[in-house]
Amino acid sequence: MPDFTLSELAARVGGEVVGDPDARVDGVRPLEDAGPEHLSFYHNRRYLQAALASRAGVLLLAEPESFAGRTLLVCREPYAALAELLELFHPTPHPPAGVHPSAVVAADAEIGDGATVGALTFIGARARVGARAVVGEGCVVGAGAAIGEDTLLHPRVVIEADCRVGARCILHAGVVIGSDGYGFATVEGVHRKVPQVGIVVVEDDVELGANVCVDRATLGETRIGRGSKVDNLVQIAHNVQVGAHSLLVAQVGISGSTRLGHHVIMAGQSGASGHVTLGDGTIVTAKAGIMEDTPPGAMVSGFPARPQREFLRAMANLYQLEGLRRRVRALERALARLGRDDD
Amino acid sequence: MPDFTLSELAARVGGEVVGDPDARVDGVRPLEDAGPEHLSFYHNRRYLQAALASRAGVLLLAEPESFAGRTLLVCREPYAALAELLELFHPTPHPPAGVHPSAVVAADAEIGDGATVGALTFIGARARVGARAVVGEGCVVGAGAAIGEDTLLHPRVVIEADCRVGARCILHAGVVIGSDGYGFATVEGVHRKVPQVGIVVVEDDVELGANVCVDRATLGETRIGRGSKVDNLVQIAHNVQVGAHSLLVAQVGISGSTRLGHHVIMAGQSGASGHVTLGDGTIVTAKAGIMEDTPPGAMVSGFPARPQREFLRAMANLYQLEGLRRRVRALERALARLGRDDD
Amino acid sequence: MPDFTLSELAARVGGEVVGDPDARVDGVRPLEDAGPEHLSFYHNRRYLQAALASRAGVLLLAEPESFAGRTLLVCREPYAALAELLELFHPTPHPPAGVHPSAVVAADAEIGDGATVGALTFIGARARVGARAVVGEGCVVGAGAAIGEDTLLHPRVVIEADCRVGARCILHAGVVIGSDGYGFATVEGVHRKVPQVGIVVVEDDVELGANVCVDRATLGETRIGRGSKVDNLVQIAHNVQVGAHSLLVAQVGISGSTRLGHHVIMAGQSGASGHVTLGDGTIVTAKAGIMEDTPPGAMVSGFPARPQREFLRAMANLYQLEGLRRRVRALERALARLGRDDD
């Protein structure tokens, strides 16, 4: 692993050094594992004691107040600086270009310059793999599907026929793009399949977590906007439109034809019903269930989801109901007494 | 793509033409993308403006009232008619029959007439693949497992040993059939595995979404009834019995030994605890959690689930608690005043 | 299948025979399918009628009271006895050792004595597969990853680079170990990936269900403690620490850096937010959402989670609000009448 002086690191991330600028750093470690030769990272007040107790030679942080006498790298955006430093210390070499001999690649598939196709992977007819893209082991890329430049498919990803993944995307193991949407016409109690003849479009710079599912549209496109990041086990139904730079945390579910604006955040295990629109910047808190449109910048909670303030007040009131019941009982008794007094 | 006259389409789906019966239609498109040569589809009042604004040459719909002057295909069941028309415009050719040379097929496996085994797929000892069935790329069909006639396995499906999938089923990518049920005997704090020696039976005409998991029974069978349709990322535990023609929407979870009648609907992210029975036609709304048996035709919501009307009234009351608290406070003050007046 | 006398079975599991000790048993069946030659199992009062009606020759149970005249195998821990008997009647032979010719194994990977590498599986550079371990068909074991002795990987499991799985573990189909944690530094509305350079450590005797996802740590380790059992479709985020002998039921989600003590139980579809600590023996009921630390032995419910007793009381109060509203209305009327009487 490379090593650097603290001043080199500070120059790299645009930070300020407190202490010895010539201190050598040869790696980044968690607070509890770091030694004098390591840099560690403090960003959350829950870990203040751990940071104070850490043996790390250098601490990367935003607020140096509690750390008198320590060697520090102070940054306004320490988490972004951490990203930069981890790329520096852990450069990821591109795997050797070329198609592994055990892969099965259709004769008319196009494999871009410098692209890698891993062992035991299948690339179907007319599929295109962009320049420098990496398709990991055991993937299946269907007929006519397209994968953009510099995109990385981890092992065992499936891209069904004709779907398109943009440039610089990362798809984790087990992702399924382009499974059929859940559409059935029920006549006399029998569910007849509505063919799902649309596609999925994943725009540039999207990351999709392990075992994420994105269904193809009935007609037209299901679309994940550029720069959006999707965590593991998320379900995105047919015809959904996710705007740019949105964040969908683990186990979120979005029902058919729902539209998310840009910079929407849906926290873990939340969901949205079908045919609703979430305004730009909407924040859906954990486990909430959206049943109606939300205005831009809304923050909603609960099921059916309400503005978060109303939800929190309702929850507080709910857990004070015991007290309210007692007060009503006291009123009833007082009134009964008054009635008797009147006699 | 084939093209048809409107009268040909109307004859096909048993609909009524409003306007020119000789209008030519060469494809089905979403409302916003359709042009004069396309048919589009209007079925949900949310999209009335989009339908009115659509450039589609023909609109398929049930209620023609708002569409004077437009060329229409009026059907009582427009969604079923859409299914029929999409099959007409998008016929799915059967892939070439035969076993791909990269597949690994046990010598004593039986591959039916006209069946297809895709690239890099494994078929175990004594397994049977029915006539005209398609096993996609990268699948694993365990020893003794059976797949019915005309069934389609998308890529990367796993059927574990001895499990049985019926005829005309569709299993999407990443489905796992026959993983071990979650059964442990805990003695002195250590969880000992209870072997799961049963199987899974998927009856005819079932569709299972991407990354669905169905566990094998401890003893006997876990069973998915004929015609049931299961959305992505659903979990079905050991010994569960799902009745015929049921609908399990994305991310539903059903715990061990629970029984669903026929035509049960569980909406997205809902769940059922173990050892309960859901009567025929039960509807479980989104995110609900069933803890007790439900009678036939029940509609239940919330957690623990209650009849939907009670749930909705409770939610309304919950968000009006602030008002109730104020009324109690007013009563307390009024009574205190009365008390003082009495003095 | 082997057959045994009842007295042999009783000796094996340390149980007591009621009835003929020489009764022959040639298999274990569910109550409704068992015949005179079978043993069946009664453990849950919901199934008392089924047990009384069962044609099973022998019933394994803990409480013989209701079963006068039947042949019984009485055990204090009947579920553990069932585990023992199922192993006896269904011994699972180790598949033949060796590497399937269709597998792709790096030259410098180490395959232990007696280990099996299934068809169409990939084993990367420097990876180690322990003695007698079984790697099923279609798996991907990344560079530098390690799998312990006697561990079983079902088909299509992915172990990403450098992650470690202990001895005697069982990983079901579709498991993903070591996908990137969900970490992004957002600067001016753009989410920059924070490299995830840690690993996952799965300790000994862990079982992970189908399509489970465990993310690698940002730095350091995500860790699943020994003896813990994880059901299907569970999400475990980066830097999470799960203590020993914990149980995570289907579709549970645990957010980043959260720590679970030992013997924690999280029921189905429950979740925990990030950076919280669940004390030893905490029980989280179904669908609950943990937002704060819990003390050892806590039992919590609802969202945000509260002690279960408070949650149940709050739910009871919620569904009686209609009555409380009526009482307040009655008080208001009575007081209005009193006011008028005073005039």
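Every chain is named by a letter (A, B and C) in the order it is written, and numbering of its residues begins at 1.
By our rule, contacts are C-beta pairs under 8 Å (C-beta built on N, C-alpha and C of every residue); 3 or more make two chains touch, one makes a residue touch a chain.
Not measured: the values here are computed from a predicted model.
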Numbering shared by both copies at the subunit C-subunit A contact, with half separating same from different: different
Turning angle required so that subunit A lies on subunit B, C-alpha fit (0 to 180°, nearest 5): 120
Subunit A-subunit C separation of Cα centroids, rounded to whole Å: 25
Subunit A residues counted as touching two or more neighbouring chains: 120, 138, 156, 174, 211, 233, 251, 269, 287, 318, 321, 324, 328, 331, 335, 338
Subunit A residues touching subunit C - in the complex, by the definition given at the top: 28-30, 32-33, 41, 44, 46, 77, 79-80, 82-83, 86-87, 89-90, 92, 100, 102, 118-120, 136-138, 154-156, 170, 172-174, 207, 209-211, 227, 229, 231-233, 245, 247, 249-251, 263, 268-269, 286-287, 315, 318-319, 321-322, 324-325, 328, 331-332, 335, 338-339, 342
Residue ranges of subunit A in contact with subunit B within the complex: 104, 120-122, 138, 140, 142, 156, 158, 160, 174, 176, 179-180, 182, 184-185, 187, 189-195, 197, 211, 213, 215, 217-220, 233, 235, 237, 251, 253, 255, 269, 271, 273, 275, 287, 289, 291, 303-304, 306, 310, 313-314, 317-318, 321, 324, 327-328, 331, 334-335, 338, 341
